[in-house]
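So that we are looking at the same thing, I have put the structure below in structure tokens.
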Amino acid sequence: MSGYTSDPRIRPQELLPWIIAIAAFFLLPEYLSLGARVLVYILFALSLDLILGYAGIITLGHSAFFGLGAYTAGILGAKYGVTDPFLQLLAAALAAALLGISTGAVILRTKALTLLMLTLAITSIVLEIANKASSLTGGADGLSGVQVAPILGLFKFDLFGRTAFIYCLVALFLGWLLIRRLLYSPFGAMLTGIRENTARMHAVGAPVYWRLVLVYTLSATMAGVAGALLTQVNQFVGLNVLGLEPSGDLLVMLILGGVGRLYGAFVGPVVYLIAQDYLAKQYPEYWYFGIGVLLVVVVLFARGGILGLVDQWWQALSRRSSSARASAR
Amino acid sequence: MILYVISVGLSVTMGLMGFINLAHGVFAMAGGFILSTAMARFGLPFPLAVLVAFVVVSAGSIVLERLLYSRLYAAGELAQVLFSIGLILISMALARLVYGNLAAPVFLPDYLRGQVHILGRDFPTYRVFLIMFSALLIAALWFGVERTRWGAMVRAAVDNRAMAQSVGINTRQLFMATFALGSGLAGLGGALGADILPVQWSYPFEHLVYFLIVVAVGGLGSLRGPFVAALLIGVADTACKYWIPEFGAFLIYVATMAILLWRPMGLFGVRA
Amino acid sequence: MRTIKIALAAALALSAFAAAAQTIKIGFITSYSGLNGNLGPYMERAVRLYIKEHQKELPPGVKIELITRDDTGPNPDKARQLAQELVVRDKVNLLAGVVFTPNALAIAPIATEAKVPFVIMNAGTAVITTRSPYIVRTSFTLWQSSYPLGEWAAKKFKTAYTLVSDFGPGHDSEEAFGKAFTAGGGKIVGAVRAPLQNPDWAAYMQRVKDAKPDCLMVFIPAGKTATAVMKNFADLGLKDAGIKLIGPGDITTDEELPNMGEVALGVITVHHYSAAATRPANKQFVADWKKEFGQNETPNFLSVGSWDGTALIFEMIKQQKGKLDAERSIEIAKQWRFDNSPRGPISIDPETRDIIQPEYLREVKKEGGHLANVEIETLGTAVKDPWKELQKKK
Amino acid sequence: MPDALRLSTVRAGYGETVILEDVALALPERGSLAVLGRNGVGKTTLLATIMGHTTFHAGAVFFGGRQVERLPVYERVRLGIGYVPQGRDIFPSLSVEENLIVAARPGKRWTLERVYDLFPRLAERRHHRGNQISGGEQQMLAIGRALMGNPALLLMDEPLEGLAPIIVEALLKSLERLLAEDELAVILVEQHAKLALQVTREALVMSRGRVIHQGASRELLADPERLAQLVVAQ
Amino acid sequence: MVASALETQQLCKSFGALTVADHIDFRLAPGARHALIGPNGAGKTTFVNMLTGAIAPSSGRILLGGEDITKVNQAARVRRGLGRTFQITSLFRKLPVLDNVALGIAERDGVAPRMWKPASKHKEIIDEAAHLLATLGLSADARTPVQDLPYGRQRLVEIAIALGLKPGVLLLDEPAAGVPSQDSGHVLDVLAGLPPDIAILIIEHDMDLVFRFASRITVLVQGQVLVEGAPQEIAADRRVRDVYLGEATHA
């Protein structure tokens, strides 16, 4: 929990994901393209966690920003010869931010199912636009031939996904730093306040609605960057980055990992995508059965997601050890 | 039009019970498969098979309700969403395992095929039948909900659950029955609609958005809301596809957005 | 940079080594799950069936290992990741499969970069084969069926209406048919693109009915959507109004015919394959299929594309005695002729690496109590992709 | 004659929060009890606990000789407890008549006709929706609804709250008639202490979740100073 | 004449047929210690909600420091110096006490939208919050999550948050409701120690507390002002007594 009384210093266990990622780079060189994909989704999930977990905005339309970012980068690289990866990222971020602020300002006065449907409608409309504007987006065939110049003029995206992995890892690391910083700032504390007790935030004079629009825009920007990363890694954009499915998948990943705990956004995509990848290789026609069971089990037995469960165990463990200590005395 | 019958069922469960049941399409799919099996394997006539679909799906839903759903009434909406998505995935895999890849074949009896001549134009018989049937169903539901003691009890339970208990209503049992009815309606819709919306294992996911739109636009906690919404969206969608087919796919979403921004609680929504 | 180059070289060396070990690894990517997950199995079964029946023809000691992967539908980034893994981790000698065009397009650069031949067994957008010199297609292009359909229709009908799904293949089909139909003197009186996920077709059918064309050309993705279209076509009385329903063979896929029922009778399509074709090779193919997978199962055009694709792979292996070299494999493909395909004699166009095949005019008729696409005329015995031909003329 | 209702050492509240502490009371059949006390002392919680709407921590509740504290709410209603909640809680989307019908339980004494006879205003308004009638009418409806269940015990939570004097008058008359004619025990929670004392036989004063006084209503009514001290200034 | 700190003119509110505020004229003087009492259903909560902007009046005006704020939204009223506590504790339950207070102070200071420097490095906010907690005797609980505090202390946090906003006018909605008797004295001490320049309106049932704290009392009955006056006057007023004991309605 972030706030005025929490220590913003990075705790040792927070380095764990990065150690694992770097270890994976050296130990599992064959899985790097899956790894890069996972990293992109973690960033995407982080952006969702910011609004869902910290500001309490429920959405099925986050893919609108992801997809817009992906297409912005893709169109620049394929049609306009803007091949610099950082320029592409920047443009994607801007485009997503613009969409975020304009849609957020309209829909954030609503709540629950209504908000869910509005976000869904928006991403569906964006999807239809992408499909219709096939001269720009390639329509359902996808946008191929996206040119991405070597990063810093040095590192070309290679077949093994090494560059992609490191590139995504660095992007994710920066995104994580940023979000972490944000969450520990007064702004983050304020967000927690809104989620915990919106009425109370009104009563201390916070312009809640505008703050929500702001955080929604920030989150959209980040999702846009994640989308652009996916484009750059694949040098291809397909319509599947938009619409209900990616939004739903993302939501599932995040809830699976644990909402509103920062690292839920790390655990969820890792578990989901790796489970999917593994199951799909074993049972290509029925793998989603396993995912379904996983979801139901999580809902019934681990309400706070996987990290919630870990927390419970941890607490039970420390209770037992403290009571053991107490009885020893 | 068949979406309406299915969605009315959803508005019963979701609206009355406040459970975000994304897995509603599962029951519709089950209805379609049961119909197909009843007709193909057991040679039941169409009307009987439809009835069987309704009954079996209702009964099955009670089991699910007791085992799973009832544990989640008090859970947050996120948990409900996640749970019902899980259920969708499981049911899709099972349906595929049992019924294979193809859509369930459904053949209408001859008397429902062809066209009827009304006011100098031809209309497909089955569609006319469906519209009439839905209208009858709605009328029956409306009567049931607005004019019977059972309906009054359901509405009372929706209005104020604690108070409903305080006048001696067993809300748990009532909700179970309501859930069964809602699911049964979905099964009925799936069965009746199988000719138009082919029933295949991917069904619950494919049509999810439509169900949600109908319920959201209609408004939670209302029975006529989803009906009106389904009609409105259905007619508008059809008209739009007829007049300006280039924008066919946009319309439904644009309309949804417009209505929800105009009336955030839906057309007839009562619950905040 | 240097390390990467070294790694790349090492990987290539490894893949060469793998070939020497006499096990040919085929990375097979198709769609098993998602909304179109029913399509993948039609492809995989054909591949497995071919391997099973022809295993003994392989050079001694050579074995084939089929590594299957699920791309979950039109999901190019997933497809690309899988292809990448297949190449890098599993060190496959060949890539194959793919239902959807975007997935094929996303994999193309990998085939190029890794120098791995990529046999496309379904995805039918014309442009695909131009995206990598390592791509060979054994399926079809939509132009191949829709263009001759247009030519044929122009001789029979004066006006036509087109209704296609609003995505790449739909656009291809609409354009190909339109070009041929108008070139032949016909007139397109209306063209509609419907959303890919469209539950109800009544509105479109009413629109068509009101336009009173002589024929309606439809292209929608294979599967149950086609059934819905047929039913709507009949329900709204277009059939009775004398409008002829025509289209590329995708709309009357063999396995869906039983579901369509009577409403499909009389539908005219042009396609390269019908399970009902009476060629001996096809009869054998269908009989083997039923024997292997059950009497109610029928192969379809996805199956035949995969069957022939596997035949091509066998040819590559046989000619190189189990040691596959990418460049050589492609050369072999370019020279490949296969007279014994279930769809009739086919070959690969050495210029485009795309398939050359016969196209048949078929009508849905009842045969022995079952509906079938009965071939009534051969429109061309060696049809090249008309799109590429037109591009050349420009 | 057994007590209609008996509570012994009841501890209850909402969730972990305990509001009632060690509450005991006994009410004979056809008895009437006024529960007095300032806002927030646990009067409403007491009624809610008898109904089963609270978290029951300890103690026992006997109704008609049966132990009921673990029974679900609707079972208690079926055994014969009627509830007129604070704020009336009329079902807004039901008509006046439907509000009565949903509560109907088999029994000889109370029917639609008799309720309409007791509250003629409701008969006039029978087809209006629950949210379309005035506060006083809602209060009548809430009482009528409780009676439709043919209760042996009626719990009334501030039935006079927010009503115009003339309606209070009418309601009190009905209430007195009810107590005189019907075989009914009543617990009346009321802020208007004197009114409550006038219509009841016994009274109980609560403070901070405990019973601080119990006795005959008449005695308290006769001792305004003690009443003021107990109820107002406590 | 000094402008009133808070004033209502002919304030009305009705829900359908039910009128819950009936032309209320009310004036809160600067620095006042004013109490609003009345039986249940008298419309006190509605009145407070109109003052804070949670609900809109049907007609009439509300003035804060002489300015019309009838149309100003809740948050903006707070920024103009109208603080409040809630009748039912409304806190950030999972957050530590210090954060509860600091969130408000940060809003007041305009620090809240800052995104970079960690919240815990904003010493000025934390110091102010800590100081405030110290004056209310809450220092020991600063790092305890609110939900782990006894209810009486939670009520103090409620007050602390409002004070952190440095309001010119403070509405205390039943500050002692639900506080066990042994702690209510402490609440009273805190109230007595509030800065004299803040105008305070207290809504309370605990007559003890009202009579000890307020220098002026308004009695609200059925949406109307029944009487207003000094505590002795109110105590002596027969009508007030009757309202509470149940005779007024017979009159």
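Here the chain labels run A, B, C, D and E in written order, and each chain numbers its own residues starting at 1.
The working rule: contacts are C-beta pairs under 8 Å (C-beta built on N, C-alpha and C of every residue); 3 or more make two chains touch, one makes a residue touch a chain.
None of these values were measured; they are calculated from a predicted model.
Counting hops only between chains that touch, subunit D reaches subunit E in a minimum of 1. Chains making contact with subunit B as well as with subunit D: none in this assembly.
Shared contacts of subunit B and subunit E, meaning chains that touch the two of them, come down to A, D.
Centroid distances built from C-alpha atoms place E farthest away from subunit B.
Taking each chain's centre as the mean of its C-alpha atoms, the one that lies farthest from the centre of subunit A is D. Subunit A and subunit E have CA centres that are 42 Å apart. Here the spacing of subunit A and subunit D, counted between their Cα centres, is 54 Å.
Distance between subunit B and subunit C, defined via averaged C-alpha coordinates, is recorded as 37 Å. Note on chain placement: the centre of subunit C and the centre of subunit E lie 74 Å apart, centres being C-alpha means.
Across the assembly, subunit B contributes 96, 249 as residues in contact with two or more other chains. Listed for subunit A are residues 128, 131, 285, 288, each touching two or more other chains.
Touching two or more other chains at once are residues 37, 41, 166, 195 of subunit C. Applying the touch definition to every pair of chains gives A-B, A-C, A-E, B-C, B-D, D-E.
Across the complex, subunit E is touched by residues 17, 38-40, 131-135, 158, 160-162, 164-165, 168, 190-196, 208, 224, 227-228, 231-233 of subunit D.
For subunit E in complex with subunit A, the residues that touch the partner chain are 52, 74-79, 84, 86, 90-96, 98-99, 102-104, 106-108, 111-122, 125-126, 129, 142-143, 161, 164-165.
On subunit A, the positions that touch subunit B within their shared complex are 58, 106-107, 109-114, 116-118, 120-122, 124-125, 128, 131, 244, 248, 251-252, 255-256, 259, 285-286, 288-289, 291-296, 298-300, 303. The touching residues of subunit E, when paired with subunit D in their complex, are 16-18, 39-42, 151, 174, 177-178, 180-181, 205-208, 222, 241, 244-247, 249-251. On the subunit B side of its complex with subunit C, the touching residues are 3, 96, 101-103, 105, 107, 115, 122, 124-127, 195-198, 200-202, 205-207, 210, 237-242, 245-246, 248-249.
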